[in-house]
Structure formats: structure tokens, C-alpha cells
Amino acid sequence: SDKSATTTPVASTAAGATKSPSAEPLKKVKIQLKWVPQAQFAGIYAAKEKGFYKDEGIDVEIVPGGPDVIIEQQVINGAVDIGVSSFDSLLVNRDNGLPLVSLAQVTQKSSYRLLSKKSTGIDAPAKMKDKKVGTWMGSQQFQVLAFMEKNGLDPKKDIQLVKQGFTMDQFFGDQLDVATATIYNEYYVVLESGVKETDLNVFNFDDAGVAMLEDTLIAKKDWVDKNHDLAVKAVRATMKGWNYAIEHQDEVVDIVMKSVTAGSTTKQHQTTMLKEMAKLVRPEGFKNDQVGSFVDESVTRTADIALKYGLIKKPADLTAAIDKTILQGK
Amino acid sequence: MIKLDRQWHQAAVIACWIAALLLLWEVLAWLLHNVIQVSQPDSKLPYLHKVITSLQDNLPTLIKQGFTTFGNAMTGFLIGAMFGAALAISMSLSKTVEHTLTPYMVASQMVPIIGLAPILYGILHDPSLSRIIMAGYVTFFPVTINSLRGLRSVQPEQLELMRSIAASTWHSYLKLKLPSALPGLFAGLKISAPLAITASIIVELMGAPDGIGVLMVSSLYYGAAQVYMFWCTVLVSIAIGFTTFLMLVLLERWLTPWQPDFRESRRGGS
Amino acid sequence: MNSDLSQQKVEISVDGVCMVFGKKGKQVTVLQDISFDVAQNEFVSLLGPSGCGKSTLLRLMADLLQPSSGQIIIQKEHPREVRLRRKFGIVFQNPTLFEWRTVRENVELPLEVMGRSRAEYRSMVDQLLETVGLTKFKDYYPWQLSGGMQQRVAIARALSLDPPILFMDEPFSALDEFTKEKLQFELLEIKRKTNKTIVFVTHSIPEAVFLSNRIIVLSANPGRVHSVHHVDLGEDRTLQTRESKRFHTLTASIRNCFYEESVALDDQIG
Amino acid sequence: MNSDLSQQKVEISVDGVCMVFGKKGKQVTVLQDISFDVAQNEFVSLLGPSGCGKSTLLRLMADLLQPSSGQIIIQKEHPREVRLRRKFGIVFQNPTLFEWRTVRENVELPLEVMGRSRAEYRSMVDQLLETVGLTKFKDYYPWQLSGGMQQRVAIARALSLDPPILFMDEPFSALDEFTKEKLQFELLEIKRKTNKTIVFVTHSIPEAVFLSNRIIVLSANPGRVHSVHHVDLGEDRTLQTRESKRFHTLTASIRNCFYEESVALDDQIG
Amino acid sequence: MKEVILSKDQQAAVSTLKSLEEPTRASTGKVRAGYTVIFTQPMKLFPYFFGLVFLLLWQFRGIHTLFSLERYQLPIPSDILTAMRENGDILLIYTLYTGVEIIGGFLIGSLLGWLAAVAASFRPQAGAGAISIMASLNAVPIVALAPIMNNWLGDGVASRMGIVSVMTMATMAVSTYKGLRSIEPSYLELMTSYAASTRQLFLKLRLPKALPAIFSALKINMSTSIIGAIVGEFFIASRGLGYLLSDQIRLANMPLAWACIVIAAILGIVLYTIIQLVEKRFIPWSISNR
């Protein structure tokens, strides 16, 4: 928070004059990231750095995630106010009784790809029969299952699902024939390791029509009820941040680079990540003010897949799962 | 004079060991890269000299993150050690307490942090307090087990002596049981201190802004380009663990000079 | 039991005490039906074959063990009360020193436990160390002392509380004759000055005769009172006492009765 | 040094031995210029005030300590060789029993170490336990024994090897007179039968006189040879020996010289 | 109970009670004496009683009320039991799978640590340094071990055994080394006087003396092994209790996740108790076992 105060004095004083005339103290909001600080969350970092949150009278603390952080638990326990989770994950948590709602949908398209090395000869989904397919398990395995079924494979029998770690070593070490990768990170990790794009077969869930919605902002139901205005402002600022990030990618990568753990990643990597994220958050045909909105078709598809593969046991109550009033801003 | 000599000697021995191990590392790495020619040799065991180069390049970062982790670890360690010792004392007070608490203590160690953390957050609603408690939670067990052994193995005659002078429970702990449990306590602490590094790294994985653990996970996540960084973080965590261990070794020598191993040699001078 | 005790104040009364060791099925009766009284300011020695239960008896009187049956009353109370009021000092058969304390600190232990202030007892402890001849060694640790020196530390420690009752288990057994004699005189002097009641275990018949008002000879397997001997050598014991006819007669008669008993025992075992 | 030794075979020769303890700057000379010889099959007792260095001297002869200067030759060799050939047994001042071994197993320890077969020594150990009167206690653990019983286990353990040389540090000090006397006779008998050379530390002048061929009186601070006394009571010592005139003269004369020395010492310290 | 007191000598009863208050070497002999068992029995039952109360409190949400927790955060025992019953087959298979990792890793790690300590004790001048380096292995977190072991040993059982081995080695090494080294000089002198070989010195003196410390290390290692195997499975395994736990906890299926935790805890207590029993058998002479 001190960072934004020093780096964007103009923006914050201007905001102070117009938006919060009574100079109320900033309201604190904690936002839990799904993973370590990186360009996947560029919108949030941009909103913070450019003073969009402050303009709304909010002081945001960004809480990094990690392999042992379970976003829904963090939100439910009140450790944070808003979390970046996956929409499929939200549905399953709701199905298990956790009173969570989604406030906005950050990514509109699936980032997941299945990768295989050309050398394995797996150049069509049908060739994945009896192969070891890596997935991160949890709720994320279900679009893999849907993908298999769509391609005529029995997801229970015809493939061997293997849990994939957060490194791609299993893929490199041939412990996996097919690996899951996000287009914004693992795919480039593979490329950076020296594998050529031409040596890879890439399968896209979206193209197969089995994509589930990913990054979404969630909060606890009663927190939203009590802090509706705050939620509206936080979401609005975040989406403003995303638009800014998409439009000023070079600048925002620099902002993100200030928050990543020094020495663990390169600017180039984050630049690529933001470039890919931009396509997911504001896909072609999406307007600025649509960023964060829920596309009914994607939402229902996600819920349908979840139900079909037993991720959730009862049909999702989508009107309750999504608090549409937040994006509408009233 | 003699003492100093001995300490220098010890330092030299340790230096030799470290040198030997590093050499072994380089040789193994060479074997992996050139003789056995495994796939992805760098992620199995990279060349040490490359790791060291990376260590030099990233030294400021590593030192900064290392200190963060070290600080958190020490907080957790102190809490864990105190809690562990307190638990050992209460268990030594009565067999009933021991029998009652032992299963819970053992069971508690089976609950992975990932299961415990949400509940802890749910109870405390305070992330920093929760983290400290989690770090302590991972470290207390060895301290309890070893201190309890120490407390329970007081010579019966020494206990009788304390009874004969009607020493209060407080006194018999202060003047007899604690001093004679100190060697055991230190054995436990020496196991726990490096473990506290692990604990604080685990806690960092629960969403900390920085620390060696964050660096470790990130460099794994960002893949082969960061493999040397990953091994640097492993080296740093080992180095911190080693430092805490050595600090305890010195503290033990200073606080319990009567232990047979620390006594002046019985052999006559010159 | 002892007619001539009737006019004196009974300090300790042991009444039908039995002591059984071991678990069910493998029990050993160590003491059987022991009864005797000790008057105030009396010096009573316990004599008996090795393993007959003298140390056990002392522990029973000091409330460090509970009799299997029978009872012990000290100053009209349960030994426990007496112990809690710190009315006795005890010297164990082994020195039982705390290895983390210097000679001086070992002697000060009971005083610390009683909560006395250091200033108060400083000179008194110096005096005691002088008495047992360890002034020069007051900053030594137990493992730097000879066997006899350790035993003297234990004696000084028991005396430091200045208790009205002293239980001493072969306190002089590791001392040379000169030191022993010196300490014997000191002990008698202390007893005279401060009106102490002393129960003393020894294997030396002359020592027992020289020091005691009464000698209780125990027989073994199980330990029983074999005979009680009154030592009518008067209250003042000097170097001459040892040369006196009566001293030798007494010594001889006790030795005789002791031998009888031992031979009987030997036959019984052999 | 001793003219009448010239015709006998010298078994142990102590020559100008000094022993200094402690670190530089804080050194204490415990033994100074000790010289004496022990002939084969001789029984030599060491007498001296508590803390004068008797146990230290025994340790030096047993190659458990190295003299600061001077040398010790046993059977024409360095004590080390003699130790390695297991030519001596030693009884320490403390029983030093292994708490995880029963009485029997403790006695068998040296035999096991020598690699003898159990079948071979089984009956011999039984015999030894019989000798020290512990047959009934052979399956007891050390903490279930009285002080005197523990000491007897240590004696049996030293004898179990049947070594030509025995070093014994106050072995009978915790035994009652009858048991002690019995074991004294046994010891003499064993010595006679197996031609042992014995160096014996004791505080009892009569015991020394009764057992020894020669008595070496040490003075303290630092330990030096004060005087050497030949005990001309013949080789056969019986109950009558103790009653003999010569026995009493010897005892008295040693006591005198001992007192002189001690008084001098006392003046020196006090 | 009152009658028992009155039927005996008052004093004896008092002393019996006293001996209960202050358990010492004294009372062990005493407690056997018939009637005192009545007094000790409730004390012996207390742990079970306490456990029952704890369970009831948990089941009827006393704990939830106390800490204002919801059932979806901490499921109640009956939920967990139901989850266990419904997933009985898979839980059994996974328990066996994880059990193999636990026990294999535990044995290998403890053995390696023990061997290191033994080797170091023979040459303490060089060994002490090696032990301190080994001790710092405890500072390598599972997050780092898991990928390393995966790269070295694959993603099967061996990988977790590797993790567990590394995690248990240091504890055993430090503890055993301490036990082997802290020996009163007079005992060493005794063995020296027998010209005992280094081997004999080790077998007959150092090792028995170190047994209590070794058992302490085994106890600590037992729980380390379980946590190591389970958390090790979080990262890469596709089977085992830890895999199931991490998966279910992400799916917020708390009853099944807690079923895994409960099974791990029971497994831990059982294995720990076995070690305790073996300890009682092996070192009946240790002061705490007398």
C-alpha cells in the first residue's frame, strides 16, 4: 500500500478530491491470489499501483497464494475478503455447503492445453488411449475427462490420469505422455527448456468445446451482503486495472516485476504471460466494459460438465452462485 | 588456548566435510551429464559450479529472503521449543497426564498443516498469529519427546535427596530435573532447530509475500530456466539449518559444561 | 520397648515395620517387623550384614519409602510432616552430588531450597567446608573430586540445614582414619551443641560403639532386629574412650553377637 | 629402592611419577615423584589421606591415565601392553555396574569381552557369585541391590578374569565386618593359589596390615610416598594373626606415622 | 472405598494416599499391594474417559461452538465415519499404499541415520562435523524434496520413501550420536581396562547406553514418516492417503479429507505404541521403565 502512495501521488490526490470528499479513511480489503505473484494477476497489481483502488476509497492488500493455499478456505475463514479462484472450484465448494459467491469472471476462455511431444506420436486425442495423462487433479481434472469423452475415449478406463506437480519435470522425464499446461506459463516453461514449438502437439479445450471457466473473484456470501458497496468498488477497480493492464502491457509487466519474488522469473516470461492473459480476459470481440462479466454459455457449460462428471452432486444454482449485482454496480 | 585450538580444529574438520561433499556433488553431476547421460540431467543434479555462479548472481536476493525465513523460523522455533518443553514438563508431572496427552500429541503430528491451517485461521482470524502457531506446531514434538526422556531419567537417588529436603515441585524442577534434562532438551532442540526452517518454509507456502520457500516454489514453477535458482534455495535452507544447529551446539557447551563429552580431558597436562 | 527410654522424650518410633519389594509373585520381604524407639538427642547406630535392609530402614524413616505395613512416628507425627518441615538431614550411601554444581553450590542446595538468602548462609557454608576440609576445593565440580571428598561434600550438605534429626548412611566409609576421626568428633560436638538426634548406619563396630548411645544390630533375610546394645560410655567421648576397657568389651561383645548371627546366616544360605 | 626386593622378581615398578591435573594456568599437582616397586606375588597396600591421589595412582598403573612425567613399568613393559594382554583386573572405588545387565551378566562382562565361550565360564561365574554371597541375587539388576552388594559384584567381576595382577580401590569399604573378613580370607587364598600380585587401596590400617606384605603410606598435597612399611607377619594370615602382638605393634606404628603426617597436613592447611 | 480405608490401619491408608501423590521408586512396590489398585484404577481409566469426552464434544459440536467453526470447516465424527464407510475400499488400498511408503522410508532413513551416527561415534573428531551437516538436512522442506525425489526415483512409492528417508535420517543421527557419546568416563575406563576392542566397546557399552536415545528418535521418526509420506503425496502421487487428502480438501469434501487425517492419526498412534512396547521390552532397565 505504501508503494502506491509514493509512486502515484497525482492519481491518489486527484481521486481524494473527487471521489471521497470527506477524506474517509481507506477501507481495507484483502485479495487472495490463486498462486504466487505474477502477470496472471496483472489487473490487480495494475489497479493497486495506478491507484484505482484508492480512488474507490479502498486499501487493498494482495495476499500471495502458493501450493498449500486453498483459496476457498482462506475466504471462508475470513483470512481474506476476496479470492481469485476458479469457477469450477467455486461450484464444487458451494456444492459442499460453503456459502461462497462469485463476484466477477476474470478469464473468459480456458488457459488449459494438453501437450504431447511429437516424438510420442500422440497427434490426435484418440491416440491418448492407454496413455498417461497428467492433470493437477482437484476440480481441474474434469475438463480433461470431458475432453476425453468428447473424443470418444472413456475417461474412466481408456486413459491413465496421473497427478501432475507444479513443475513440468514429469513431462520432460517421460513420466507423462500427455501433460496439462496453462498457455500462459507451463507452455512457455516447456518452450524455454529447449523444446521447439514444432516438436509439440497442443490440444485446446476451448476448441473441443469442453472448457470450464477459470479465474474468478469469489467472496463469502455474508461478507458481500454486509459490504456490498465495498465489493462493487473493489471489483470495479480490479476490472479497470485489467483494462489498463491489457492496454499498457509493458508498463504493467514492470509493475508486476516489482512484486514477483526476485530472481525466480524473468521479465520476458512475465511479458509473455500477460500477453496470453490479455487474450483470455478480453478475448476478441469483448469490449472494455464487458471485462469481468459472465457469459451465460460458458457458465452453463462449466456447470454442466461439473454435474456430468460428478464434480458436483446436484445441479448448480447459478443465480445464487453468481452475484450479478456487483458487476451491475448498484 | 587449548580450547581455541580445538574449536579451530572443529571448524577445519567441518570445512573439509563440506568441501568433500561439494566435490562429490560436482563429480556426480559430471557423471550424470557425461557418463550416464540421463535425460534432463540439470533437474536431477545440476553442475555445482553453475549453481554457485547463480548463487553469486542472486546473492543479495538469497540473503534477503534467507533472513526473512530465518527470522520467521526462529520465532516459530522459540514458540515450539517453549511449548514442547512445557508439554514435557506437564507430562513428567504425572503419568496420567502423559498417558492422556500422548495419543493426542502423536495424532496432532499426523494432521498436515494443509488440514490444520484453515481451521486455525477460522479460529484465530489472524494470519500472522496463525503462522507463528503453525511454525511452532511443526517443531514442538522432538523437543517434547527428548525433554521428557531427560526429565524421566533423573537418578532416583537425586530425586530422593530433593524429597528429603522437602523441595517444592518448583524447586525440584528448577534445581534438579531441568538441569539433568538439559542434555536431552538440547538433543531435541538440535533436531528441531533445522526443522523450524522447514516449518517456516511450509508456512510460507501458505501464502507469504517473500521468503526462501516462496523463491523455492516460484523457481520450480517457472521451470528449467530457474533450476539453478532452485538448487540455490536448497543450499541456503541447508545453510540456515546448519547455522542454527551450530548455534545450539555452542549454547549447549556453554550451558552444560559438566557433560562428560565437554569435560576437560582427564588426561594430565603435557 | 526400652525401659530406660521411658523417662526420655521419644523422638522416633518404629513400630512393626515390614518392607516388601518387587511385583506380585516375585516379592521379597526385606524388613520384617522392625520395632524400636529413638529418644531425643540420642545417637543410635544400625549395624547389620550387607543387604540386610539398613539403607531401606533409613529411607523409611525419612519418608522416602512407605512401609508395606507397620508405622513410623517421628516427633508424634507421620514422617511426611517431619520431612515437609525439613526437620531432618540425610546422607546417602552414595554421595549423590549434582554434577552441574560446584562443591560449594552442592552444599548450598538445601539452603536455597529453603529460601534462605545467600548473604545469611555464606559464612556458615564456608565454616562447614572448613570442617570437612574442602575449603580449597569449593569451586571444584564433583567429577574433579576423590571418592572421600565427594562423601564429605554430602556430609556438609546434610549439616547445612542444621536439622534436629540426622540420618546418615555409612557417611565415613570412604574416609581415611584421621579424617574420619576428626569428623566423628565434629559430629559428636555438633550433636552436643545443637541437641541432635542421629540415626547412623555403619559397618565399623568400633565406630558404632565410639559414637552411639545405643546400637541396634539387624539380622538379614529378612531384616529383623537381632539385638539392642546400650553403650554406657558416658556422654563425653574422647580419644581415651577408645582405649578404655569398657570400649573393648562392648566392641567384642557386639562383634560376637554379630558373628553369631552372621554365621547362622551363612549356614542358612550356604 | 627396597633392598629385600632385589632377589624377588619385580612385577611393577613406579619410577618418579608425577601427575598434574587441570588446564594450563590452573594446574594442580596431585602426585609428585612417586617411586616404588611391587614384587611378583606381593600384596601392597596404599594408605593415605582422602584425596591424596591413591585412586589416581591406581589408574596410572592400569594405563587409564598417563603420568605427566616419570614412568611405570609392569612386567618389563609399558602398562599399555599389560592392559592389552588383559593381565590385570581392577575394582574401582564406585561399583561402576552396567545398569542394563543383571548381576550375573555384569560379572560375565570381562569374559565376554575376552571372547571366552559361555559354556566354559558358566560354572566359574557361579562359583564366584557364591564366593561373594550373591547366588540368590544373580538375576537382580544393579538398582535392586544394596551398596555393599553392588561392591561385591564389582569384586566378582574383577576376579572373573583371573588376572595375575589385581588393582583394588577400597573394595571392602561398604561391607560389614563379617563379610569383609570372609572376603579378605578369600582374597588371600586366591592370591596364594594363583600367585597374584595385588595393589590394594584401603583406609583401614588393620585391614592393610592383615592383608599386605608391604604398606605404602602416601602423604597429601601433593601426594608423595611418606613411608614404606614391611609387614613381617609371614605368608599365612589367620584369625590369630589379628590377635598377635606384632599385628598390633605394626598397626599402631603405621597409625602413628599416619597421624603425624595428617597433623602436619592439617597444620599446613588450617 | 471408605470402608477400605477404615478397615486398615489409619496411618497405613494415609501413607498409601501419600504415596499416590508422589510417585517415586518407593511407590512402585507399594502400589502392587492389593487394595491400592482401587485408587489407581480411575487414574488409569482417565485417558479413555478424556478421549470419550473429547469425542462427544466434537460430535455434538462443542468444539465448533467454542471456536465458532462451521461443519464444513471441521466435520463431525459421524460425518467422517460415514465418509469412511462409503469409501472403505479406496481408503483401505490407499492406507496400505501409504503404509508401505511410511514403513519403508522409516526403516531406510532410521537405518541410514543410525549408521551415520555409529560411524561418527567411532571417529568423533571428524564425525561431529559430519553429524552437524547431516542435521541440517532437517532444514530441507518437503516442497524441495518432492521434486528432487521425483526426478531421481520416479513418481512411485520409491519417491516418497526417499522423502521420508531424508526426513528421518537427521533425527536418528543426532539423537544416536548424542546417546553414544554421553558416557560417564569411569565406564569407559572399565572397558579400557579389559582392553575391549572398539567393536566391543560399542556393542557392550555405547549401544546399550544409547538405546533410550535411539528409541526417542524412533518415536519422533515414526510421526515424521507419516507426515512425510502424506505430504509427499500432495505433490505428485496419484494414489495414497495424502493424494486423496489434498484432492478432497481442494474439493472441500471435508469429511473424506478428515477421514484420511483420522486414519493417518490412528496409524500413527498404533505404530507409535508399537515402538513404545518394543522399547519397554528392550530397555526394561531404563529409569523411566522401572
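Order of writing sets the labels: A, B, C, D and E. Residues in every chain begin at 1.
Assume a contact is a pair of C-beta atoms (placed from the backbone, for glycine too) under 8 Å apart; a residue touches a chain by one contact, two chains touch by 3 or more.
Everything numeric in this text was worked out from a predicted model, so none of it was measured.
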Worksheet item: Counting one step per pair of touching chains, how few steps separate chain B from chain E?
Response: 1
Fill in: Contact-richer chain pair (by C-beta pairs counted) among A-E and D-E
A-E
Discussion item. Could you work out how far the Cα centre of chain A sits from that of chain C, in whole Å?
Written reply: 83
Worksheet entry | Inter-centroid spacing, chain E versus chain D (mean Cα positions, whole Å) | 48
Worksheet, complete the sentence: Whole-Å distance, C-alpha centre of chain C to that of chain D, is 28
Worksheet item: Just how far, in Å, is the C-alpha centre of chain B from the one of chain A?
Response: 37
Worksheet item: Listing for chain C: what residues touch at least two other chains?
Response: 21, 59, 64, 94, 143
Worksheet item: What are the residue numbers in chain A that touch two or more other chains?
Response: 67-68, 70, 73, 76-77, 166-167, 169, 173
Item to complete: Would you give the residues of chain E that are in contact with at least 2 other chains, written as numbers and ranges?
Response: 24-25, 70, 73, 143, 147, 151, 185, 234, 246, 249, 290
Item to complete: Using the touch rule from the top, collect the residues of chain B that touch chain C in their complex.
Response: 155, 157-158, 160-168, 171, 175-176, 179-180, 256, 258, 263
Worksheet item: For chain A, which residues count as touching chain E in their complex?
Response: 67-68, 70, 72-73, 76-77, 89, 92-93, 96-98, 137-139, 161-167, 169-170, 173, 175, 311
Worksheet entry | chain B residues touching chain E - in the complex, by the definition given at the top | 9-10, 13-14, 16-18, 21, 40, 43-44, 94-96, 99-100, 102-103, 106-107, 109-112, 114-115, 118-119, 122-123, 141-142, 145-146, 149, 152-156, 159-160, 163, 183-184, 187, 190-191, 194-195, 197-198, 201-202, 205, 213, 216-217, 220, 230, 233-234, 237-242, 244-246, 249, 259-261, 263, 266
Practice prompt. State the interface residues of chain E toward chain D in the complex, per the touch definition above.
Written response: 186-187, 189-196, 200, 204-205, 208-209, 211, 283, 285, 290
Worksheet entry | Touch list for chain C against partner chain B, complex | 59, 62-64, 83-86, 88-90, 92, 94, 96, 98-100, 109-110, 112-114, 141, 143, 161
